[in-house]
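The following pair of complexes shares a single chain, subunit A, combined with subunit B in the former and subunit C in the latter.
Moving on, here comes the complex of A and B:
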């Protein structure tokens, strides 16, 4: 199996660290780090990752808008949305634009890897 | 009130803290701006995002207080954004209050992280946060301000939106949220409870048993039980009633609550913490432990409480009845209590530490072992350059580099070894309870005195030594110490004394268990050993007292009751011995009838690296582990005598057996041409033998590489190691060797 590429979108460097550590340990390549939705859209086009972990609340452009932008161009993009408690409304909104995978903070490294593995199957 | 921050990955925690500091930086100003311009969506979003980041992060690190408060702030901001509430001074005040709280809390955490004073316990690393502020008042003020603003808004503008009061509650009540929260809290709940229980059981109850009027200790027990109750309450609230844990937990919480009420009565009425109370407390601790285990293992069998609640309530009633007669205590004694509590706190000063997975350290340790081998090869090359290539200058240089590497690797090795070190306290603190239980059930009076609890030793060794130690202490208390009448009859003090001592000496850790009980009768042991066929009566006559006493370590030596004097002492002693020798330790006994018994356990500081003596026999090198070597001597051939195919000699007046290593390993015939022979004197604690070898080479550190497969079973060999020149050398197992000679 070739190395699957992962893009992490989150405004929190610590979350990047958590996901990256887990991803690397499980044979994923982290091809891009984005701090906001704007960067996420740009970097997606450049690196075409196999899977994206997307935070919802971010500066400049939030995760929902970014996902919408990505999905409109690449309808097969695989996006895992990271939600926090209290994000219920946003989750419903995300579902309406075709995002099906969610993971709730706090998660453990292995949780997110399981989720990503499932998505890529 | 204190709480703990569990640290799984320090990098991640540090990144979070940096992030929060950044988020908090200037947040105050932004909130003040909000007061002037509450319509600025960009501003609100900015504040919202910062608080949201803190909330998200805190849930990762496990800071429920921060998570709760930031969630509340976030919710308020969301309400402002949605124009459900209007912004007024009161609301801004409480938002600022919240930011202050977050600031204070996170700064404290930051400082503590900088100090690096982590506590490491059972492989879990955490930071203890004392004097933690309570977020509850801040949250209440926030809620209140929000409610007020909401009403204002509705009243003043007749807003159409239905009041959203229940909303935040809804979020907290959703099943999914509860499930997630409960999962996260379970571990914390279990850990906390276990620690609280241990503290009561191994520390406070023992103190109270000595002095039932120790108000400081009573207060402390009350405080801890209160903490358990609090923890249980929080966990209970996070569970949904459908959860299988729920009903059991509720019951547990009732027991703890009743216990707390009882303790409150004892405390307030100034009652003595008597025997009955102590027993009851132990019963409750046992019940709690059972319950905690059942939750941890997720086997929700009904934990029997044996009517503990009834007993507790009965006792409460009794106390209440007699209460009127008891005088209220004066301020003076109260003050005394305060100082005592402080003292107790100081005494229990826990060392702080970081949590690292054992695997990582083991890996480092392995690397260090490899480094050790590499390091040895420098010296080898240096010697080779000098002798074989005749390059003394070069050799000197290599030697210098080697010495440098040597120094670094030594320091590295020490540093890593010290990481693995834990205090023997972790094992010692179990003992008071063990002794107390036995004293209780046998009606003896026993004092356990412990020294050197802070002595450090490798964690793996601590784990291995725990069971044998409990066994030895139990033996000392049960069989060593006599009953009160017997002691008085012998003119001994009524209370028996067991001393448990740990100390460092010559790169070893020694643990001694000494009692002033009846001791062991060497004669009885001798008879028994002869009867069982372990020794012949001729041999027995030659054996010293100490050799005889040490016979009890032989497998199958004793079953209880057959020799009353040492009843039970033989049971499991061979297991104790084999457990200790497995970790390269050694145990010896000194005992005198009616004076007492002293067991000395010698333990290596670490398992990974040992020191040994390299010897040469018939052209092959072997290593003797240093801990079994008593000395090396030269023996004159003329001094070796033969008797019935066995050899022996006199060594400073003592007769010891002599054997040739080449004869044991069948690698050659004994050398007859030399007048003087090199010998290594080895001992298994009871017997000594002189092992004749050809050459004594050098003393060296070595890393044990176990032999596998068919090689593993070679008698007399415990493993192999690599020398600096890359040569494989076999490690001799002296215990085996002695057994082989005896056969």
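Moving on, here comes the complex of A and C:
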């Protein structure tokens, strides 16, 4: 079985490191890193990852807008939203653009992997 | 300050989840108009119905130890600064989420953190009513300055 490709989108290098470590330890290939939503949209089109971890609050373009851009062109894209925020309005906004998976920060690497495994089943 | 209890709760919960260590609130006082940084300062802006900011301040040695405590590979100064920025962002996000869910019509949002590093830095915050929460941890002292316009 070929290993699944993951793209990590977050403006914090510390978060990239933590997710990448957990992903590699669980057999995922990290095919792309992006530090804002604009980079995320471009990297998605170039690498077509199986799953994306997407932060919300980022410079240049936020994660909700980037997800909307990606899902409008690739409606089957699997995006796991990660955020320090998690109020009802924000979650409803995420759901309205097609995001169904959401994890509040802080998280452990294994939390992300469990959620990604569920998304790819 | 109206919102301060939400921040106290979120800071404690976030610190203990990220670093698996206890954090103890030593004092709560009105914040001075300026802050002389201990070495690392992170500012997270708050926008929405009310505007404000959260500033966390600590020595660089504390930032480095905390980062390594979270993950042994976060062992250089740049990664330590990003780790503390993420801590401030998550602690602020937890508080803002609770405020939005419990204090109707708040609709507050966070702005990407700004990081300041260096000695002899003074940071001014005119026009904000701020509270200073001083904490003790096994890695050193950490101060939070939480301010909002007109709260």
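Simple rule for what comes next: the second predicted complex is superposed on the first by the 117 of 121 C-alpha atoms of A that agree within 3 Å, B and C clash if a C-alpha of one lies under 4 Å from a C-alpha of the other, contacts with A are read in each partner's own complex, and residues count from 1 in each chain.
Everything below uses one rule, namely that a contact is a pair of C-beta atoms (placed from the backbone, for glycine too) under 8 Å apart; a residue touches a chain by one contact, two chains touch by 3 or more.
These numbers come from a predicted model, not from an experiment.
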item	value
Partner chain(s) touched by A:73 [first = subunit B, second = subunit C, both, neither]	neither
Subunit B versus subunit C as contact partner of A:95, first or second or both or neither	neither
Touched partner set for A:24, first subunit B, second subunit C, both or neither	neither
First, second, both or neither for A:58, with subunit B first and subunit C second	both
Subunit A residues contacted in one complex by subunit B, in the other by subunit C	11-15, 17-18, 21, 57-59, 84-86, 88, 104-106
Partner subunit C, residues of subunit A touching it in the complex	11-15, 17-18, 21, 57-59, 83-90, 104-106
Interface residues, subunit A side, partner subunit B - complex	11-15, 17-18, 21, 57-59, 84-86, 88, 104-106
Complex contacts: residues of subunit C adjacent to subunit A	14, 17-18, 67, 70-71, 73-74, 78-79, 82-83, 85-86, 89-90, 92-94, 96-97, 100-101, 107, 109-112
Residue ranges of subunit B in contact with subunit A within the complex	9, 11-12, 15-16, 18-19, 46, 48-49, 52-53, 55-57, 59-60, 62, 71, 74-75, 78, 171, 174, 176-177, 180, 184
